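Following are the structures in question.
Shared between the two complexes below is subunit A, which has subunit B as its partner in the first and subunit C in the second.
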Partner chain A sequence: MTVVGSLRRAGAPHALRLLRGDRFAFAAAVVLTVVVLGSVVGTPLLRTAAVTVDLSRRNLPPFEGEHGALFVLGADALGRSVLARIVVGGTTTLSIAVTAMLVAVVVGGLLGLVMGTSRGWVDLLGMRVTDMMLSFPTLLLAVVLIYLFQPSFLILVGVLAVTRIPAYARVARAEALDVSARDFVLGARALGAGRPRILFRHVTPVVAPTLLTLGAVDLAYVILLESSLSFLGQGVQPPGMSWGLLVAEGRNYLLTAWWLSLFPGLAITVTTISLNLLSGWLRMILDPRQRWRVENSRTTRRLRRAQDGGAR
Partner chain B sequence: MTPPPLLEVRGLEVEFVGAGTVTAAVRGLDYTLDGGETLAVLGESGSGKTVAALAVAGILESPPARVVAGEVLLGGTDLLAMAPARRRAEVQGERVGMVFQDALAALNPAYPVGMQIAEGYRLRRGVSRAQARRRAIELMDRVRIPAAASRVDDYPHQFSGGMRQRIVIAMACALDPEILIADEPTTALDVTVQAEIIDLLHEIQADSGMGMILISHDLGVVARIADRVAVMYAGRVVETGPIEAVYGHPAHPYTEALLAAVPRADVRLERLRALPGAPPSLTSPIPGCAFADRCSHVRPSCRAAVPPLAGVGGAGTAQASACFFAEEVLARV
Partner chain C sequence: MIRYITQRALLGFATLIGVVLLVFVAVRLTGDPAMLYLPLDASQEARDHFSAQHGFDDPIPVQLLAYVAGILHGDFGVSLRRSEPALQVVLQHYPNTLLLAFLGLAGALVLAVVLGAASGAKPMSRLDRGTGVVSLACASIPDFWLALVLIFGLAVRGGLFPTSGTGGPEYWVLPVVTIMARPFGLLTQVVRGAMVDAMAAPYIATGRSKGLPERRVVFVHALRNAWLPIVTVAGDLAVSLVNGAIVVESVFGIPGVGRLLIDAVYQRDFAIVQAVIIVTGTTIILLNLAIDLLYARINPRIRVEARFA
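And now, the complex of A and B:
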């Protein structure tokens, strides 16, 4: 794929330098790295601590210090470490959201590309179906679907993906319609390219950055959606944990133990904001016509000068 | 006996099927093209020149377009009768290349130009990416892009309009086709660049000996390099012949009017001489000469039957005109 290809050509160090050039995107990338690394590394370490009950630490306030680093964010109503529960819950939330987003991008994108390039009854049918799905409030649709099936990881991913697929399908279709009417598609046909080749090698690379950007923005939305579902008791079920569920569990103690809801809520906020910032940067980097904006930013230029100077 | 021409189009008819209407865009088109020859297809907007070229290149969007009748013979094989997959694999790009009007639209913004130029070459010849890249640089040199080796990884938006058109030409020539179809290759460019592009096309054609179909509405651009001209009106060729003959002594009133409408530097005119009226509607059959309504010399017999394309000016000239009174028109000048 070009998207990957163009970054590969630009070289990993170059991409990193471009990231340094945008302060907000860089900060967002750091935050997300911490979140992802924390989940991957921290979950196996903290899985036991997250479920260890100790009633002597009931609703322990945060930043006390005397109970060790594990309890820096306090403890919940059963004396379990809030920090450990946020880390483990984050893994659940992120894996559900990322999987759902990827499924939605791939399935929705493919549907849209096929609809946009085939026209006729395929297009018509697809559009009406997406219309129908989009006319349901997302959360209601998700709640109804989950009510029909038992909540589990796969069902949650499936439900979240299904509610997002129409959006990707419509965006991909609109872009594919525009792109496939351009002369370079005609040119590819003049050179003898077949339908699959045109679809995947000529139309998809132009549409992909849009979908990926939408995906990155949407990831934040899917995280919120998962959290909302869990908050409503329709998502992840105890004893499992997710950010939304942690917020929901803390609701009963809002006046006495604010930290139970605040910290998981902060985790959601910080992660979604970072995703939004990074997706904007990603869109610029993936579009060859926009990349210069980042390449020519003042910070990038300063970094380049510093590096050249250091090399000399 | 003369050898068969490289390309022969016989009785080509193309329709567009819309909601309740059928538009006959090309209604019985004939022309031939030899190797090493440049045929200019002239005509105003809607005369069917582009549609005919797309049919020859095999890239008509169908539906809505539909080839109703005719043959496109390339080296004796009828392209229209070929299976689409075989035609794609053996003819398109390989034997027929195409240059488009708008070079920016004809290049994919997501790929570097070198990749686009050599994509067909890499796949068809089964060569490695490195070899394809070398071929792209070679082709960029050939179309006179300065510092080709350092620009091969640039993206289309980083080139000027003239340079982009050169890249499109390089792309069309990547597989050394026998025929190059250039659809208004200079219309989107400014005048000085136009001349450069036309000269480049001429040079490449002379080097490789391929036949070129140059579609244009610009009589001046065509005059520079064409050997023969085919003037199209309402989906048919109304006059064809060597360029000197057609420009010097037009044998069809339409050609005559077209040439008269070109402003000349040496004649001072109060106002430009325009051709009154508009081309006929193509949604219904035209019983007689399509130009009859705009012709200043129209006679009743013109509306009765379609005049065939017939030789004029006696034996030995290759000029032909689709006018019942061609000899009279010829004698007028």
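And now, the complex of A and C:
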């Protein structure tokens, strides 16, 4: 894998230009920016509105102008703004998913590096254990782990990370095996570098970008997993908010107030579709065999021509 | 070949032992097992009595022996809520889950292979773009929400299907559609990718130049070589159908092991949770074994390797 090379070659401005060349990926990036900015900026502003009970607005339908922008998506059974709850719930969902993904990348990556650079029983045992965990349904594993430990933010992050760690460990191991056979590692070893030094100074920098790309691809899945857990009542607990929990709370009012379940679910769907689009695009530009597709697209060519013209 | 099968079977068996040990250790890791098996508000006397009765105060090796012996006899303990043997309860619920998973995977496979192959044969055509959008949406949509949208749109408003429960075939339509969505979306992308690769091979040009109908070239010649990645991914998806079953059975009120698991977790009925883990774990191991064999069957390279190994 030449991920590092192509990343370096791509460079940040070049990557942005490529992104503008792909309509779908660009739209996805815009949507994700809105979602992230909305959570970061909106959550402190809307935290009180999300829990303010007003029984006169009970199950207020959406898109009725006279109640103001806060109630544009309607209100729930206690008259709380659905919009505010989605923004605050999104922050919970996203922070749990991103933290879990990063923990899984770091822990799984380290385990994989150790497995890949040490021969013998450590490697063998690690492979068998990851095999075992990967052949087990993630949601089943997560539900059982949460049953054993009681849900809380940390446990939730830990459980989600544990279900993803084997996947990263396997990739990191395969990459580490590949990298440690290359000449620059042999050279370092010949110069007398010890194992930790080879591991962290020579192998890790090559493997890390691949793992992060995989993490980006995986993030949508972790979000879905967190939402499913919260929906089933095994994740975030009331009075906390998360997208999955909001859908579950609205489920009891499906007949009378459809908007309570519809909008939080729509938020999940839009976010995961965007993440999948963007990570698919990311994988494509990082794969030298597929890069011609984006680089040759009409819009990119036009953009480049315009930029070259401007420079001249 | 026999050596390959034995190797795989042993690996599966080791995995099963691992799962059983994991449950054993997990129960004791979290402190007092009586906490897990008994309701949260059980009295201290009841807990002590329970621990003594089930040997939780014996030394760990003695407990392990008793535990393994019990499992070998099919004894997973008694369900607290139902006062029936846990294994019996789980096996009663199992056919519904198997039917749901089977219908879901079969539907997803057929649809994904047809649509994926047709769109992979003509990249960037209108069909390909349409399929791309649909498969992306199917792979990204949360299944519990899709279930609610289908219930609201087609059952509540449309009145076409029952909202939940079990009965005739009409009760199975919405659950199967829901559980199919994600495997269908992921599989279609894999089939399409494999097809694009297969269509670039020289024998496709040969087939066309000797005047074979295009349908034959695509669905017979190219698809045959696209099968390997399809089988690999379908195996993973079959495992992840258990995830779908947990959600779909809970939403549609189907009495299967997924819903049983969630109910047991709510009611803190650990004997049932443990039996669900071991029964699904065993099925998955058998399934993986079957997939390995199928893989060896359709991939001549593995077959030969296995013969000479």
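Everything that follows uses one rule, which is that the second predicted complex is superposed on the first by the 250 of 312 C-alpha atoms of A that agree within 3 Å, B and C clash if a C-alpha of one lies under 4 Å from a C-alpha of the other, contacts with A are read in each partner's own complex, and residues count from 1 in each chain.
The rule is simple: a residue touches a chain if its C-beta (ideal position, glycine included) is under 8 Å from a C-beta of that chain, and two chains touch if they have at least 3 such contacts.
Please read all numbers here as calculations on a predicted model, not as lab measurements.
> On the A-aligned overlay, A:247 touches which partner chain: subunit B = first, subunit C = second, or both, or neither?
second
> Figure out whether A:229 sits in contact with subunit B (first) or subunit C (second), or with both, or with neither.
After superposing on A, A:229 lies clear of both subunit B and subunit C.
> Applying the document's definition of touch, where does A:135 land relative to subunit B and subunit C: first, second, both, or neither?
second
> Looking at A:206 after the superposition, I want to know if it touches subunit B, subunit C, both of them or none. Which is it: first, second, both, neither?
A:206: touches subunit B, not subunit C.
> Now for A:187: first (subunit B), second (subunit C), both, or neither, which partner does it touch?
Only subunit B is touched by A:187; subunit C is not.
> Once chain A of both complexes is superposed, is A:75 in touch with subunit B (first), subunit C (second), both, or neither?
So A:75 meets neither subunit B nor subunit C here.
> Residues of subunit A touched: more by subunit B or subunit C?
If we count touched residues of subunit A for both partners, the winner is C.
> Just to be sure I read the superposition right, which of the two partners does A:268 touch: subunit B = first, subunit C = second, or both, or neither?
second
> Quick one: in the complex, what on subunit C touches subunit A?
Listed in rising order, the residues of subunit C that touch subunit A are 11, 14-15, 18-19, 26-27, 29-30, 36, 136-137, 139-145, 148-149, 151-152, 156, 239-243, 246-247, 250-251, 261-262, 265-266, 268, 270, 273, 276-277, 280-281, 284-285, 288.
> Touching subunit A in the complex: which residues of subunit B?
The contact residues of subunit B facing subunit A are 57-59, 85, 88-89, 91-94, 96-98, 100-102, 105-112, 116, 119-120, 124, 153, 155, 157, 168, 171-172, 175.
> For subunit A, which residues are in contact with subunit B within the complex?
2, 6, 9, 182-184, 186-187, 189-194, 202, 205-206, 209, 288-289
> Could you please specify the touching residues of subunit A with respect to subunit C in the complex?
By the definition above, subunit A touches subunit C via 128-129, 131-132, 135-140, 143-144, 146-149, 220, 224, 227-228, 231-234, 244, 247-248, 251, 254-255, 258, 261-262, 265, 268-269, 272-273, 275-277.
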